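Labels run A, B, C and D following the written order; every chain starts at residue 1.
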């Protein structure tokens, strides 16, 4: 099919070798549009601290709150500005096969290096339906499949992955079910990135995982780099746990959004249905930053608690 | 806010009194567009057999596979053709608050009688976020809130419902968590429709439920009418169980789509990621129809097994 | 083709007999969204004063500044609220055949009684292309073709109309080229509405025209009714000329938008690229209203000049 | 305003110095989607033959038949693949100020080097409206304003250009009104590109024009390069006239689309409302190619007449 001829010059092996990928935050202007200047600064800091890839418009980046034209624009923008320094992985998945096909075609057309594909959340489908869904998009370019049943309401079982693994474009799986599942794949030659920051260290060093697609690396990219590259380090892993627990106390990216605003690297603007963490949790974050060391976090401003009225919540944008 | 002035002339009490609402199927032409002629025939049969309301573009009607303009068009079309005979409840919910606001405004503008609102599936949010989300749309008109954690990955706990229940537009809850939860609401004056066909009878007659928002009633509207209106009837309920189990063997609406095609009332066209049930299950359906009686099902053609190659699967439309 | 089966229950003869159709204004809220309450009031006043049809989202109604979903929503809304009292003619034309097909399908699906179709402005095409364009949409329902070369950059010559006139759905032509052209059609059995308010009287009474699709009737529907229904009336026609000249001094709907704001029936909100007429022209309008009689204009408030800073200009909405 | 901070690293002087810009054709697959492989080949040939810039999605490239997401994708794709070798000028203009703002923001975000802006065709506006329209987009990056009254129905008079010329982002004007108008600008320091291939030579060498934004250069880029770069050449200019006249016999891009299909460099697929030139004109083109020399045209296949049934006309895509 001609649409599958959309060019992608990235070798799937380049994707397979990435150890630290950040599910990058999308910052907003006070009217709810993208704050591209802040975004560019965030991506820059990621690159400087050794992050090798970014997921654009993932659940962390709030792809679910974007119109598709915004989403593809952000992928194209990231490629255009940073595509030489970092791998750009567009979250062009959808619970609608049509949307996934359209977005993935467009994403590769504007130069993304790989696609992230979720199974059809909410609407769900049968295992045969899952396979048809993934087979509709795999021919287009390097692909990571994302399994997160706590969001989608449906586990992607290994037999589905094994059915589509014949396609040379399958780079691997972003897996959130746990390290036993990780091992089930890695022992069979399937590349896995942990989708859980609290399990990423063990996944990488004990279960054959290749690396992590991380939320926490938005905040402490250097430490996550150390965790993934410089050998087993349970001490660092333990030191990161309070931050990780704080981040996922409420559904991601609520914690991350709050934290980045407190660090002064993004405006304190939320697109609904996300709202900031309450004051008590914000105070906790200030303490976490002090404990881990401000210098390990991105940005240079003092970390602040912020008042409730400093946050802007947007429902139309 | 002016947007909240969008007119709706339907009294919320008219919604609260509905006992049988069908989550209506959306049929397709071979190129994947809506088959409005078949749709109109389906809605007609529903009305003739005593169904009082339809959910347009629910998960059963595959709202998740529609573009928003298609979705609003279908709501407007249903109002225009059938709004005098049946309550039209638009599934204008979304995991994006912006989308939910926009679609709900448009849905009420084209005359829908009530909105169905889901919590933000997949992206999820905090309880405060849930409340903000629902409060963004409740002022616009009569509203049913839909709780289905097996799809959304997140339960709406009763305290969220109680927080928003002050709004006079809250008609009630479509609840899929079970009849204990139903009773928790009904004993506190909150109207509930069962979202599980297998529990609807007991919900209605033993747990204070008002009625059902049904998938099964697409097929056997008259029997579902009997079940909801004519008193406790465990015998009829039991007779329906094999059909209901068959329908939900795979994620809905896979079973329903297959069944309606086999009954000859819709073309055998599937929008991906949905694919038909396999041959063995289709044979089962033919037997179920015989057992329950062809005359209890909609349509007048003989029920068929259909060959695999009679189904059309569409990925671009 | 199945799409052509979209239902329309309006007989084309009902469209052919309309003498007074208003190209209705779309009023806005201060954030640029539709002000449906003001819109409904405008349509109501039209109906009360004897207008028989409205063009929804014409150039006067600024269809060119709408997204298609807004546009179809407004058509559906008008049908839903007023479809029993006035013929709703959706301007579902476009310079893109795809868009025209999609919008026309949707417009008929939500109940519009007829479509208005323009030739492909700006992009233009050959005469064979024009014919293909119109033949793509004519099968869907009653259709008025609109010729306004001063906007489109291309005249629709009579031979194109005669080529498509075989289609029973062609209700007639909205013609702006002048009354000689009108006569060319009417002497050959083609129904014509004048698209020029200054020529409408003569078109109707001297050149065989059926009626007018009017901008001026937004302001003085009763007088336009008199002009179209109650016999030749050069005196009334002359009395209206200063108003008509004032209205079209700048490209329509700049004058109309300004006038309706001055009459207090819509908020003084403009979507760019439209800006209000300058102060001197607004003073002129106050005098025109006095000369013609405030009671002949819609609304009940005193006509005002308005200050420049009372107008709101919107670029994002 | 923050949106104006969208980055563009192209100096406006780089745009001002371009002499040969092609309004590049958009080729299609048989289902009406973009044929990116053919597109890339076309752009490659342009670059090889000395073209310095391309207009993406101009009227020639049928931007008017694209959805905005397709349009922005094509801009991003062109930047991503060829942005280092050719200036990418996105036609992000619209008759809707909102659309123009949105598209221009997105176009610069994905890396386009300059924007082409038309005045509001079809809807038209007052001179003050024109100025507001252009002032809404000029702050975003280098801009060429396009005047083509035969398409828009409204001339942009020099006083409008002079009013907005203070903005340092105004690179210049693409002017179709004629060489007297060109001179009016060039004698006042405004950069002008001829928008008429038949006048481009004289514009360049006799009226102070900087260069041409050309349709003809799609076919004979090398000859157009010669015409713009290598001194006055009335003989070459005359030799090109039969081709140019043939190309513009019907509204552009009908001739160009037909010619490129005959040269075998694009599939013979037309999006309606465009249809191919008739057989007799196609025979003429074969002769024109022979007269000018096949080697001066792009592509390497023999030029063909093509049968009517070899063309594919698409109305839904």
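By definition in this document, a contact is a pair of C-beta atoms (placed from the backbone, for glycine too) under 8 Å apart; a residue touches a chain by one contact, two chains touch by 3 or more.
Values in this document were obtained by computation on a predicted structure and should not be read as measured data.
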- Which rotation angle, from 0 to 180°, best lines up the CA atoms of chain C with chain D, given as a multiple of 5? 180
- Task: Could you grab the centroid distance between chain A and chain B? Build each centroid from C-alpha atoms only and quote it in angstrom.
- Result: 33
- Task: Averaged over CA atoms, how far is the centre of chain B from the centre of chain C? Could you give it in whole Å?
- Result: 39
- When the C-alpha atoms of chain A and chain C are each averaged to a single point, how far apart are the two points in Å? 50
- Item | Residues of chain C whose C-beta touches two or more other chains | 316
- If each protein chain is taken as a node and each touching pair as an edge, is the resulting graph a line, ring, star, complete or other? ring
- Query: Hey, which chains are touching each other here?
  - Reply: A-B, A-D, B-C, C-D
- Of all residues in chain D, those that touch chain A in their complex: 2-3, 5-7, 29, 33, 35-37, 40, 68-69, 72-74, 76-77, 79-81, 83, 106, 109-111
- Message: Applying the document's contact rule, which stretches of chain B touch chain A when the two form their complex?
- Response: 59, 62, 64-65, 95-98, 101-102, 118, 120-126, 128-130, 132-133, 136, 149-154, 250-251, 254, 271-275, 277-278, 313, 315-317
